[in-house]
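In the part that follows, the structures are each spelled out as structure tokens.
The two complexes that follow have chain A in common; it is paired with chain B in the first and with chain C in the second.
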Partner chain A sequence: MIRKTINKELKELFRDGRVRTSLLIVLLLLGIAVWISSQQYQKTNADYAAAKVSEREVWDNQGEKNPHSAAHYGTYAFKPKYPLSLVDQGVDKYVGTSIFLEAHKRNEAQFSAATDQTGLARFGDLTPDFILLFIIPLLIVLLGYNAFTKERELGTHALIKSSGAKGWKIVLGKWTALFLPVLTITVVLLLLAGLVLSNLQDYGVFQWNSLLVLGLVYLLYYAVFTNLVLWVSQWTKRSGISLVISLSLWIIACLAAPKAASNIAEARHPYPTRQEFAANVLKDKDAGIDGHNPWSKEAKLLEEQVLAEYEVDSLQQLPFNFSAYLAQKGEEHEAEVYFKHYNYLKEQYENQSGTYRSLALLSPFLPARFLSMAIAQTDYATHWDFSDAAENYRIATQEFLNNNTAQNTRYGEIGYKATAAFWQELPPFDYNPPELGQILKNNRSNFGILGLWAVFSFGLLFFTTKKNNDVTI
Partner chain B sequence: MLRYNFKYESILLFRSKWIQVLIGILIMLFGFATYNGQQKTQKRKADIEKVTAEIRTSDQNMLKLLDSVEHGLTVTARPWTIPNTPMAVGNYHPRVASKPPSELSFLATGQSDMFTHFVKPTVRGDDLALNFSEMTSPVQLLFGSFDLAFVIIFLLPLLIIAFSYDVLSSERESGSLRLLAAQPILLYKWLMQKLALRFFWLAAITTATVLLVFLANQVPVSNNFSAILSFLGISLTYVLFWFALAFAVNLWAESSAKNAVALLGLWVVFVLLIPSILNQLGSTLYPIPSRALMVNEMRTIKAEATERQDVILDNYLRNHPEYAVNDTTQERSFWHSYMASQNLIKKELEPVLSKYENQLQKQQQLLDHFTWLSPAILVQRSMNQLADNGSESYEGYRNRVIVFAGEWRDHFLPMLYNNQAFSSEDYGQLPEFTYTPINNQSQSSVLVILLCSGLVVLGVGALRFYVSSDEKHSII
Partner chain C sequence: MIITNNLTKKYGDFTALDHLELRVKEGEIYCLLGANGAGKTTTINLLLGFIQPSSGSAFINQLDVQENLLETKRFLAYIPENLMLYPSLSAVENLDYFSGIGGKNLNKTQLEEFLEEAGLQSDAFHKRISSFSKGMRQKVGIAIALAKDAKVLLLDEPTSGLDPKASNEFGHLLQKLRAKGVATLMATHDLFRAKEVATHIGIMKDGQLKQQFVADAISLSQLEKAYLDTMEYKTIAS
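And now, the complex of A and B:
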């Protein structure tokens, strides 16, 4: 009976002109989206590679220079694009791509793509994730809203009942028939993306198992929608009403809830403004050692400590240059201040995530959205990871430079210059994004919520079947 | 017939709870959106007030310090921050260049969540050092804001579709259309009356709830009467456009199901696809050059300038003989060479930066040519303009700030090169920044385009009536 139902439903679907057209349009859009994204992906990565090489050349060829001048001159860390951004661009457009690494200051990533676009960019882009997250659920609504109501409207419901078929078997048949086209589209898209990615050379490490997990997330998300749409169709008397209700569910889940969530999250756990943040950092910085100010109270205190520790009377007798040592201590204090303030931002974001998670109970879109970005390494967490790695590299670079001065000069000596070859000794910035296992571990709660949605909606669909069959036609 | 149609349709709409549901939904949507928008606006205002107050206190401290210095007292501040040198004032006592929210800022978030609303330009650093992007979680930017513009552009059409997709087809499906055919009224006139009635109710409810919600949220309605009128006018014409579409689809398609699919498809096309395709087209035809590569270019220019700092300073002074004449001390500090090379860097960076602006402008021009393709884009831009939160508005603010940063720098340059001290008398002469919103383009053109597209759609619908005269394509 299940197979017969599937056959009948699929036949009906493909006879219907609107279904054929919508499927064709969705496939066409997907093709265009994948093509555009792969072009952009290749261009961005070529630019990234060029910028990285050129920046290193600038650093290596500074010539003879004081190490601290070099520290102020600074260097840049560029953020690469990861292979699966081809499928989901996530927040990539809204975060900066390059971080300036200099002495005394932790800078934020600059130059996000969105600030370089017209206001239209805020409508969204024609990317695979837009189709996967918005359009396919809408397709499910359009294909499935009359799955049960049409039987009732055409009077075939009574015939099916009289055939003695079990209710759940018919539901399962209809479910499979609705899910199959969606499954096909998803598999085709992901295979396409996988093939494109494994044929691109040099860029990033593409892993098929990430793609597989991504596919599973989407299928779970579609299963939830399929369940809900069929459940609504089962419980309404007319196709029109069923459509309106399913559509409302789609609007709430995909359009309204994310925006409302973002507003609520911001109102409850606001970020400081950029200027406020800078002022707070400055205040804390001033309270500690400033590498450029040997007359401050904190610097004098450090002086006394160091003299006591080495059991000497004057700074000249120290085996290293105290000025450079002071600079390094100042650097460490500043790094701590930044650590504290950026941690506050992270905490605020963690709190915001809590708001998103609690609203995810209203919208299966939210956990799917977050999981998809996370697996594609285009989410906010990956950006934080990159920015933390860049900060660690910055701190290490400052230490490397200050140590050079401390070891090669004496206290009071000015005008020291490191040799031209020295700069090449600095190890390059090498960033590896978190592995799939780590990502999945960090996103357990989102998996949990999506799983909960799946269990809940399956339960709704299959365990309310019997009652429904008792309803008179 | 018109009178009967109106009267009985209204009763039907009321009995089927259509009107009550609509009032409920709209109050909720408009209420939540306005509340959100007002909250954002309040926070923005408070942020600006706070920073202005901070500057005021810091100015008073500065004047006290100056007073002490001028009276020959020793002060405890760090030497390079003592405000008797022009560079100390220029760096440590900047002015606030703020973009306060307009009174209707809550209408549309626009770009206001992405860009900052105040900066404090100093004499140090170049224009690139002015960071105009705001510290926001990118997830928020990705999801966007639940503002009035969103409710009107995205959700209202869906409400219209949900309530009008089966006006004609349901009569056909329930068999009552044949009865209607016996009445002395043309079918399309009858349909138009039915939809016009729905439009009338939706327009009335929208206007009433919008005004109610505005009053509840303490929006200064009377001060912004004409702007609010524009807002309502644009919203209602947009609604009219969707009713026109519903009319055409009702006449052209056959079953309720097909109507629904067609209307939803059109919604996806107008609201989601055309904007994203146009955006994609803009960035494909006029791609923004890589910012990473710009960083490289900028570094090279700066490195060269730093190497030649002494030569640059000499050249600079040669070009500005007035400084050499007035200054008797001829003292040269770090700042003298720094500011001179900064000037040169600014000049050399200009072509690098203008590449970005040019490409963005070309993208914008392309958009201007094609906005009529989607009423959603038109309405979005108008609302952003009314709220003074659109791209143009932020671009205007940025340009204005960059000019002000130049004024600020130039104000201190003569003092620096003449080796003049900054005194408390100079305080009153400091340049101030004032923000004036760029002139809003007239909204009437938007109204006209929207109305025209509505009429075209109506025409296409009415065409069906003439096509259907032969038996095979009969609407009934």
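And now, the complex of A and C:
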């Protein structure tokens, strides 16, 4: 009975010219989106690989140079595009691709793709995640809004009701017939992405299990929409009304709720402005050791402590260069200040994410969006992780440079230069993003909320069928 | 096969069906005559379990309809006044679906045989229903009943809007089903067709079964007079 209903529904769907056209358009859009994304992905990562090699060559070939000059000269930490960004570009476009690492200062990522675009960027990009998160749910609405109402309008409901068919079997048949085209599109897209990615061995480490989990998230998201659309069609009397209600649900879930959630999260947990942030950092930096100012109160206090610790009378008697030691202590103080202020930003981000999660009960789009970006490693959490890794590398680099000066010079000695081979001793910046297991652990609440949506929507469909005394039409 | 005991349906103060006592046995065709609002369709809807009775009970194949909503439907087939099928599917596909959800899985040859038995021309088997006339759709409806091996057939104005030839063919199909032992209850306005096909005829008015006849025991003119008298119409001659 279920199979008969699936066959019948699919025949009806595919014999409808409007449905064929809609499916063709979606497949065409998906093909274009995957092609554009794969071109961007390859270009960005080719640029990334070239920039990484070139910057390291510049660092390695500085020649004889004072380490602190090298610290100010700085270097870059580059962020690669991760394989699944081909499917979901997340916030990558807005957060920058490289961080300049220099002495005394933690910089933010710069050179985001969005800054290179004109105002036309406001119209958005055609990306696979746009199709997967916005267009396919819309397709579910367009394919399924009249699943039950058409039976009433056509008059076939009377024959179905008189056939003795169990309501849940008809519902399950219709559900499967609506879900199958969506399942096919999703599987085709993800397979396509997987094949493209597994043939790009040079860039990132592509894992099929990540793609599989990503696919499952999307399918769960589509199951929720399928349930809601069929539920609406079940209790409304006319197709027109069903379409309007289903479209309203789509607008609320996919367009209004994310924007409202964003506004509410920003209002409840605002980020400081750039000026406020810079002023707060400067204030805290001024309250501690400045590596370039040996006459400050804090530097003098450190000097006294060091002399007492080494039981010597003058800085010249120390077994290392106090100036480099001071510079390192200054770095450590500044690193603490940045740590404190960036942690505040991170806390605000966590608070905003928490607000988002609590509002995710209003829309299945929100947990699906978060999960998709997280698994694709294009979310803010991954960016924060990269930014923290770059900062740790910066701190380690400064320590590496300051220690060299401290160990190889004496206080008051000027004109020291490290050897040309010294720079190569600094290990390269090598960032590994969080593994899938860690990502899933960090996103348990999003999985929970999406799961709740699935249970809730299946429940709605089930209880409406039961309420109709198992005669659903 | 079909039994109603004091079957009553009320909508507020309005009584749509008033203590109906009806018996249709195996191989009988019972035609219910009556004007619009007489209670014919209400009777059929109650037998189908589409609506609940206010009091009384209805039985199909000895099973109480209200207590066995799904089970009773295994034994019956229903053809409404305007039998609607899926326009984008062919006759064979429609029959395959409706017999399938009724629990019968038939192969293509069997499906075609049922359509043939129902009188549909073979060149129409694989044409989409959207191109079918009402008469052709009714034949597919009969094929559904045949495929389902229904013991009870409920018909609601099945010949309304059919041309005389199609109506005549439909009558023959009912006789075929009767010969198979199917108990048929048909609501109709068509006195002539009722007299032609029925074994028993009942006249309803205001939700009540006013008169019953054995069809063979009454002529068409006597039936017409009885009908008009029941309806309290005056003939042109009088």
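In this section, the second predicted complex is superposed on the first by the 467 of 473 C-alpha atoms of A that agree within 3 Å, B and C clash if a C-alpha of one lies under 4 Å from a C-alpha of the other, contacts with A are read in each partner's own complex, and residues count from 1 in each chain.
Assume a contact is a pair of C-beta atoms (placed from the backbone, for glycine too) under 8 Å apart; a residue touches a chain by one contact, two chains touch by 3 or more.
This is a predicted model, so every value here is computed, not measured.
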item: Which of chain B and chain C A:54 touches, first, second, both or neither; value: first
item: First, second, both or neither for A:431, with chain B first and chain C second; value: neither
item: Touched chain A residues, chain B compared with chain C; value: B
item: First (chain B), second (chain C), both or neither touched by A:162; value: second
item: First (chain B), second (chain C), both or neither touched by A:255; value: first
item: Partner chain(s) touched by A:154 [first = chain B, second = chain C, both, neither]; value: second
item: First (chain B), second (chain C), both or neither touched by A:266; value: first
item: Partner chain in contact with A:239 - chain B first, chain C second, else both or neither; value: first
item: Chain B versus chain C as contact partner of A:352, first or second or both or neither; value: first
item: Chain A residues contacted in one complex by chain B, in the other by chain C; value: none
item: Footprint of chain A on chain C - complex, ascending; value: 48-50, 69-74, 76-78, 80, 82-89, 93, 96-98, 100-103, 105, 144, 148, 154
item: Interfacial residue positions of chain A with respect to chain B in the complex; value: 18, 22, 29, 36, 43-44, 47-48, 50-52, 54-55, 58, 73, 76, 78, 90-91, 93-98, 108, 110-126, 130, 134-135, 138, 142, 146, 239-240, 243-244, 247-248, 251, 255-256, 258-263, 265-267, 270-277, 279, 293, 345, 348-349, 352, 356, 380, 383
item: In the complex with chain C, residue positions of chain A that touch it; value: 1, 3-5, 7-8, 11-12, 15-16, 154-156, 158-166, 169-170, 469-471
item: Chain A-touching residues of chain B, taken from the complex the two chains share; value: 32, 36, 39, 43, 47, 50-51, 54, 78, 110-111, 114-120, 131-146, 150, 154-155, 158, 162, 165-166, 170, 256-258, 260-262, 264-265, 268, 271-273, 275-280, 282-284, 287-288, 290-293, 295-296, 299-300, 303, 356, 360, 363-364, 367, 376-377, 380-381, 384, 390-391
